[in-house]
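Before we start, here is the structure in question, set down as structure tokens.
Order of writing sets the chain letters: A, B, C, D and E. Residues in each chain are counted from 1.
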Amino acid sequence: MKAAYLKTTALALAMSVATTGIALADKANDTLRVAYTKELENVDSYFNSSREGVVLQRAVWDGLIYRDPITNEYKGNLATSWEWIDDKTLELKLREGVTFHNGDAFDADDVVATVNFVAKEESGVKTQRNVNWMETAEKVDDYTVRIKTKEVFPAAIEFLSGPVSMYPAEYYAEVGPSGMGLKPVGTGPYKVVEVIPGQKFVLEKNENYHDSPKGQPSIGKVEIRTIPDVNTQIAELFSGSLDLIWQVPADQAEKLAAMGDQFVVTNESTMRVGYLSMDAAGRSSMDPNPFQDIKVRQAVNYAIDRNALVDNLLKGKSKVVWTPCFPSQFGCDQNVTEYPYDPAKAKELLAEAGYPDGFETEFYAYRDRDYAEAISSYLNAVGIKTDFKMLQYSALRELNMKGEVPLSFQTWGSYSINDASAMVSQFFKHGSLDTTRDDQVLEWLDVADQSNDPAKRIEYYSKALTRIADEAYWAPMFSYNTNYVMNTDVEYTPTADEVLRFTTMSWK
Amino acid sequence: MALQEPIDPLLEEISGPTPRQILRKRVQGHMGLLFGAGVVLVLLVIAILAPVLAPHDPYLQDLANRMVKPVFMGGTWEHPLGTDHLGRDYLSRLIYGARVSLLIGSVAALISGVIGTAMGVAAGYFGGRVDAVVTFLINVRLAMPVVLVALAVVAILGGSLQVVIAVLGLLLWDRFAVVMRASTLQVRRREYVSAAQAIGASTPRVILSEIMPNIVNNLIVIVTLEMAHAILLEAALSFLGLGVQPPTPSWGLMVSEGKNMMLFEPWLVLIPGVVLFVLVLAINLMGDGLRDVTAPDSRS
Amino acid sequence: MSHIQDTVKPLLSVRGLTLDIPLASGTLHAVRGIDFDLHKGETLCIVGESGSGKSLTSLAVMGLLEKNIRRSAEQLNFDGIDLIGASKRQMRGLRGDRIAMIFQEPMTSLNPAYTIGDQLVEALRLHRKVSREKARERAIELLEKVGITAAASRLSQYPHQLSGGLRQRVVIAMALMCEPELIIADEPTTALDVTIQAQILSLLVELTKEMDVAMILITHDLGVVARVADKVGVMYAGELVETGPATDVFGKPMHPYTRGLLHCIPQPGKTKRGEKLGTIPGIVPSLIGDVQGCAFRTRCPHVVEACRGDIPERGQPPHEFLCVHADGARAAEGEPA
Amino acid sequence: MSAPVLELKNVAKTYRVKQGLFGKPKPLKAVNDVSLKLERGEVLGLVGESGCGKSTMAKILLGLEAPTEGQVLVDGDAIGGQDRLALAKRIQPIFQDPYSSLNPRKTIADIVSLPLRVHSIGDANSREKAVRETLELVGLPARVLNTYPSQMSGGQRQRVAIARALIMRPEIVICDEPTSALDVSVQSQILNLLNDLREEFGLTYLFISHDLAVVEHLATRVAVMYLGRIVEEANVEELFATPRHPYSRALLNSVLTPDPSQGVPDTQLGAAYPNPIAPPSGCHFHPRCPFAQDHCKISTPRTVPTNSGHVECHLQDPKSPMYRENFSV
Amino acid sequence: MLPFILKRLGLAGLVAFTVSFISFSLLFLSGDPAAALAGETASGEDIEAIRRLYGFDRPMLVQYGEWLFQALRGNFGESYYFKLPVSSLIADRLSVTMTLGVCGITFALLTAVPLGVAAAIRPNSIIDRVALFLSVAGQAMPSFWFGLILIVLFGIKLRWLPPSGASTWQHFIMPTIVLGYYAMPAIMRLTRAGMLEVLNSDYIRTARAKGAGEGRVLFKHALRNAIIPVVSLAAVQMGFMLGGSIVVESIFALHGAGYLAWESIARNDLPTVQALILIFSMFYIIFTFLADVLNAWLDPRMRSS
């Protein structure tokens, strides 16, 4: 590292002191330069839980199935066809002639090894939910495998087309997750040629990429640097040393868009939903606990001008949301009670609940300080005085599990899984994060989650969602969006699932 | 009874200026001190009178009028310094922010001052084992990376005004201890201390009435410097997102919040940054000035 | 106060040396027109209380005054060189070579960062083209001369490793490195114990006689003056109020101040044990602003109205004094005229 | 005969001194087995070179340092048994440097009245009266009450220090080089004042000085100190007339009287003052003594009584092989 | 000299031990690392399992003892976040921080010492006043703000320097200035004060009385003595600087140890934070130790004792 730095220093000195060393747009070198905001803990997609990791995962590896992000249609990727043999067994036919980046051929052994490894809890896959529905995989022949699920699991196809990607069996057995993190090997459209953990990744086009529904990569090289500060990212964009940045906050994106033809700014919705969670179950130490009173919860719902938040802060393709799930998710019925902005009514309800002068409560958040601040300002306006506390996610989560959080602003991204169970079932089934503990809701959600019948699922999700809204257990706020800013050399249309797809990028 | 005739010509000299007069004269001739103290005083008055002076409620948001430009950049007098990212009046937040900065600075300096002075004076006065322990503690404290430890603790306890003040107060006592120890050592060697001890004065009396008055000038200087230090550190913590929590208007937080739009609306960063700079500059000038005017032998 | 002792040209000739220090509250007339001559091999002691301007006088001769002090003189002549008009370069050439200086504090007048040897050799190598070895030899020779044993091994020692007395010997050796013609010693023994003081003084006297060096010795100690001086200058409030050969000044002190000083000190054998000592009431007047008349008049028992006016020079060279009283009021004190 | 007003019995003070910054601490016997008696009204002059232990003695007598061994008795009572307050009423100090011995932040009235306030004597009015009286006593007018030390000259400050020492009417005053920081013309005023006050109040002085002329003038008895030990003690007349210890003689020799007929004396003290941490063997003085012989290097001299005091020297000890009858050096 | 070094080393070790204990206790209070480890989707049982797996359920002293034992062998455990050994993680990042620290202190010394000397030679002159203003302003300038302003000015408006990253020497210019400027005022003041004091000392007068020229007096006699305390201060500042590089690294997107520290705090990555606190304090301790040795070497009074 030091030697490399010294070398570059010497090189730079040798080249010339006069040139300022700023490289201009790198279309000429066929290298796309992208910024990450977050340091990625491990490139091995099973051992990171961040959006950035998902982006790399989609570029470096392939899943068995592929969901078209625009049509939402499932297509074969490493598998060519699949079929439920019984409620809990899925049989897949694999694509032949696919090779990993290291030259190993892909076959059923790789699928079996991958699934059996990740499904084991001891393997320590970071996001257990992505894999723990699988029991085992078994080889039928070289290009046929069966995956058994633990329970009836209707969302299996969705998961197989998302987070579950296939690893080379021998290589992975040899190097393990940390080796995979440093020298990733997959079948994907791009292969990783350089990893400096947390700092830099360099991807190169996989010339031998199979005939995948992802399409063939066009740009030769992708260089990803971690730049934590958005300003610095924008500064680098200005100075021409970045070609694409994403997750740009709305205000900056707006300004960049206003700069005319210098940059292309695109906005896309994401599945992330922001919401207020209230201690309806009365687990916190507040006494009396106002949130146990439905009138107070309704008051909170009425107190906030969601439209103003969306119009002025989130902007773009964000929408006001009334459900504890993202509207496009399967089963996320939108026909529920809405609480339009009505501060007078909020005050009235508070008075009826016995709080004519409002009350004081702790208010937690872990991200989007400005949104939380704006929300707390609305709450203050109707008399709910907030003691605002911004915590690290893990700290807030810990408090949450202990049930010590009376009121919090949180978000949930559902891992881009287009199914209501990815959100509502996560929070209303009496888990440690359930702040409501409604038995009726639990019952309905159990039915919905464990059925393979779409109509029945819709019916029961709808029941649960209606009750949640009527009881005002949460105050769902809005959905998020993402801004992508590119320089004009780059051609790319982002998708709604907040995943950068290098394969669909090209030079103009 | 007079054994000696009063020697009058000799006493002409006693008409010389009293220490207080000398001090006044030095203060009057010290531009840095006057400027520094003046600015601090003005900001103090502003902080105290914030409810009267602020044109708007600093917490009142108006999402429809976000980041209105200040009047000198084409804004209106409705918001002379514009509004922030939630449409709150920037001038009002700046005025209330003075309260936060001065409060943090003074209370943190007070806490660390009490700790550091007690340790330093004890070490300097008693010497020996007490001194060894205090010196060791000072070394330990100096070896702890302040920003890192403060960040870690604030991250753990959650940022609130009280936590930030307490953390800074508990971390910044080193300079007090070092300087008070050195000053006490110096003063302790003076013969008037021996004289007071020989007279029979108790240890607390010797410390409070003979030593403290002679090191209090150094103490005041360190108080100002540490105040400035605490204000800057709070700003840095807030900037890194682990300081005072919103919606409390702290200047560091304002820089941090404005930072996102720095490239497009630089005034969001410049205004609180400049005010912060001026306050810290003024406190430092005041501290330097106090050191100059109270230095025992700096008769120019 | 001019006197022509003989036809030999003096080594150092000072006429009307005046030093003014501008202060916020006015100009401090620290030294007010003093005259003296010093011949080769002679020792002049300037004695006075603190603030009398004696140290400034010595620094004025060396050209080492602080920048803010204004120096003027009708004549400040060293061996035909006009020191007032001399360039900085010329002064540097003189200092350490032909005029050397010994300071009061042996503890602080040596640079703690360099060895004794380095510091001894420095002056010689600055002024003479000598090899390092030759300079070292000379240093060893001089260290032995000032009574330091194992001189060669001392060269590599640092000042802090020597006691005060030894350091002052090193300083003296340092002053002698270039065989100067004039040594200015500013209170060279004040910081030392009485026993060491005697040793250092006898060393100085011996060396100056042996090497035929002229010396100006500044002190507040009348005992030192009496034992060391050929000539004495008594300084008060920036003026030399009495000058003359040591035997004359001590044998027949003319100025009331000189007599007052001598009465103040208990002298074993002379003063009766336990009896009241003589005093000089009052303190030295402020020299800020215009000083008119005799500065001693505020403390003089023989003050008359005329003391406010111009004060005539009295006495015959070489013993002269400044007083309105022709006999310096000796008669008034019942002393033989 | 009543008990002496001040008596030291085998007093010793040992410090542990670090050699250099990080060396092992070594014992330094600053005061080594000192016995002294002081009768009421006496002035004991304590002389010696710097580092001989004079100031440590002063500190022990003032109760600022506890002796490692031995006893200090005031009017027959051991100091250790008395509390500091009671002791302070009887023993008061006057220090060397009047610029350092007065708290610059206090007015003269505060400084002089401090002993009264510490001992809770009288009320504000009576204290002020006492301060005025005492100031008058030392020749300072009452208008200095509200001035600060920085406004005064050295002599005036030393008068204030004397006033502070006397306001409680102590029996014993420890004068630690009270005039060495003063000009000659002021020194004589202070010496006269001290002498007058002693006569007026029957005070007993321990007068520490390096100036033998001053000691001879003021003292009734003289103790000569060398490396922590009193090597000779005698009446002032006897000591100055017939010094018995070679060191006393060297000290007397080095006094420079303003007599131009005499040259600079030869003290015959060869080497410099030895390092007190590693004192020479045998008689500590032997490396500098012109009379020293091999015996002095080995054998420590005994204390031998003289006409009016005692001396520690082989030359004076009849039992020593070096004894010389009727020898005064 | 050797006993001095050994004693000093022993003391340094004790300081390091105390610091590590304090920081360990602090972080122990930080609540449940198991929850942080488990991630967003873990259930309560998962977290319990992790707690037992990592031994978080044991008493603090036991955990500390084990940590210390491992740390003494160079093993700081595995980062919760990166799943990599903390030691290798930090080793990777330190070079940037060290480069930055060395550049910063060099910049500070190269500006502050000449400025301090110039100011001391002519007190109250224009140079003195400019130097004083720079130092007062320097102390008052929030470094994050200064950094942002530099980026806007030189990175974007003028485009002279790259705004972020660490790939060429140009990338280090702005961070060096921001970091170095932080240490400059103290060094300058100390140099000035030291020179003033030394220039008023007797031995300088002695040197002048020997006929030494002004240059010789200033640089041979004065600076040599005035620089001794500056060495210590520079070492202390260097120690502070490494700890204070957090802000600078986060602004300029330098992936150094400071930035790692900030991120690790945010991620509750305790082993990394703990190791970094220890390593930063070790740096301070080592630098002050080296400064003491250097001082002892520079100052004969200390050398010979």
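Assume a residue touches a chain if its C-beta (ideal position, glycine included) is under 8 Å from a C-beta of that chain, and two chains touch if they have at least 3 such contacts.
Just so we're clear, the structure is a prediction, and the values are computed from it rather than from any experiment.
Peer 1: In how few steps can one go from chain A to chain B if every step must land on a touching chain?
Peer 2: 1
Peer 1: If you check the contacts of chain B and chain C, which chains show up for both?
Peer 2: Per touch definition, common to chain B and chain C: D, E.
Peer 1: Compute the distance, rounded to whole Å, between the mean C-alpha positions of chain B and chain D.
Peer 2: 48
Peer 1: Which integer distance in Å separates the CA centroid of chain C from that of chain E?
Peer 2: 53
Peer 1: Just give me the whole-number Å value for how far the CA centre of chain A lies from that of chain E.
Peer 2: Centre separation, chain A to chain E: 38 Å.
Peer 1: If I count partner chains per residue in chain D, which residues reach a count of at least 2?
Peer 2: Expected reply: 153, 155, 189, 192.
Peer 1: Which parts of chain A, given as residue numbers and ranges, touch two or more other chains?
Peer 2: In chain A, residues 231, 235, 238, 392, 395 touch at least two other chains, as defined above.
Peer 1: Where in chain C do residues touch at least two different other chains?
Peer 2: 281, 283, 299, in rising order.
Peer 1: Write out the stretch or stretches of chain B touching chain D in their complex.
Peer 2: Its residues touching chain D are 1-8, 10-11, 13-19, 22, 190-192, 194-202, 205, 210, 213-214, 296.
Peer 1: How about chain A: which of its residues touch chain E in the complex?
Peer 2: Per the stated touch rule, the residues are 1-2, 5, 8-9, 12-13, 20-22, 39, 41-42, 47, 49, 126-129, 177-178, 181, 196-199, 225-229, 231-232, 235-236, 238-239, 241, 392-395, 397-398, 401, 426, 431-432.
Peer 1: Hey, which residues of chain E end up touching chain B in the complex?
Peer 2: Going by the criterion above, the answer is residues 11, 14-16, 18-19, 22-23, 26-27, 29-31, 136-137, 139-145, 148-149, 152, 156, 236, 239-240, 242-244, 246-247, 250, 258, 261-262, 265-266, 268, 273, 276-277, 280-281, 284-285, 288.
Peer 1: In their complex, what parts of chain D are in touch with chain B?
Peer 2: Touching chain B: residues 59, 62-64, 84-85, 87-89, 91-93, 95-97, 100-106, 111, 114-115, 118-119, 133, 136-141, 143-144, 147-148, 150-153, 155-156, 161, 164, 168, 189, 192-193, 196-197, 200 of chain D.
Peer 1: Where on chain E is chain C touching in the complex?
Peer 2: 201-203, 205-213, 216, 221, 224-225, 298-301, 304
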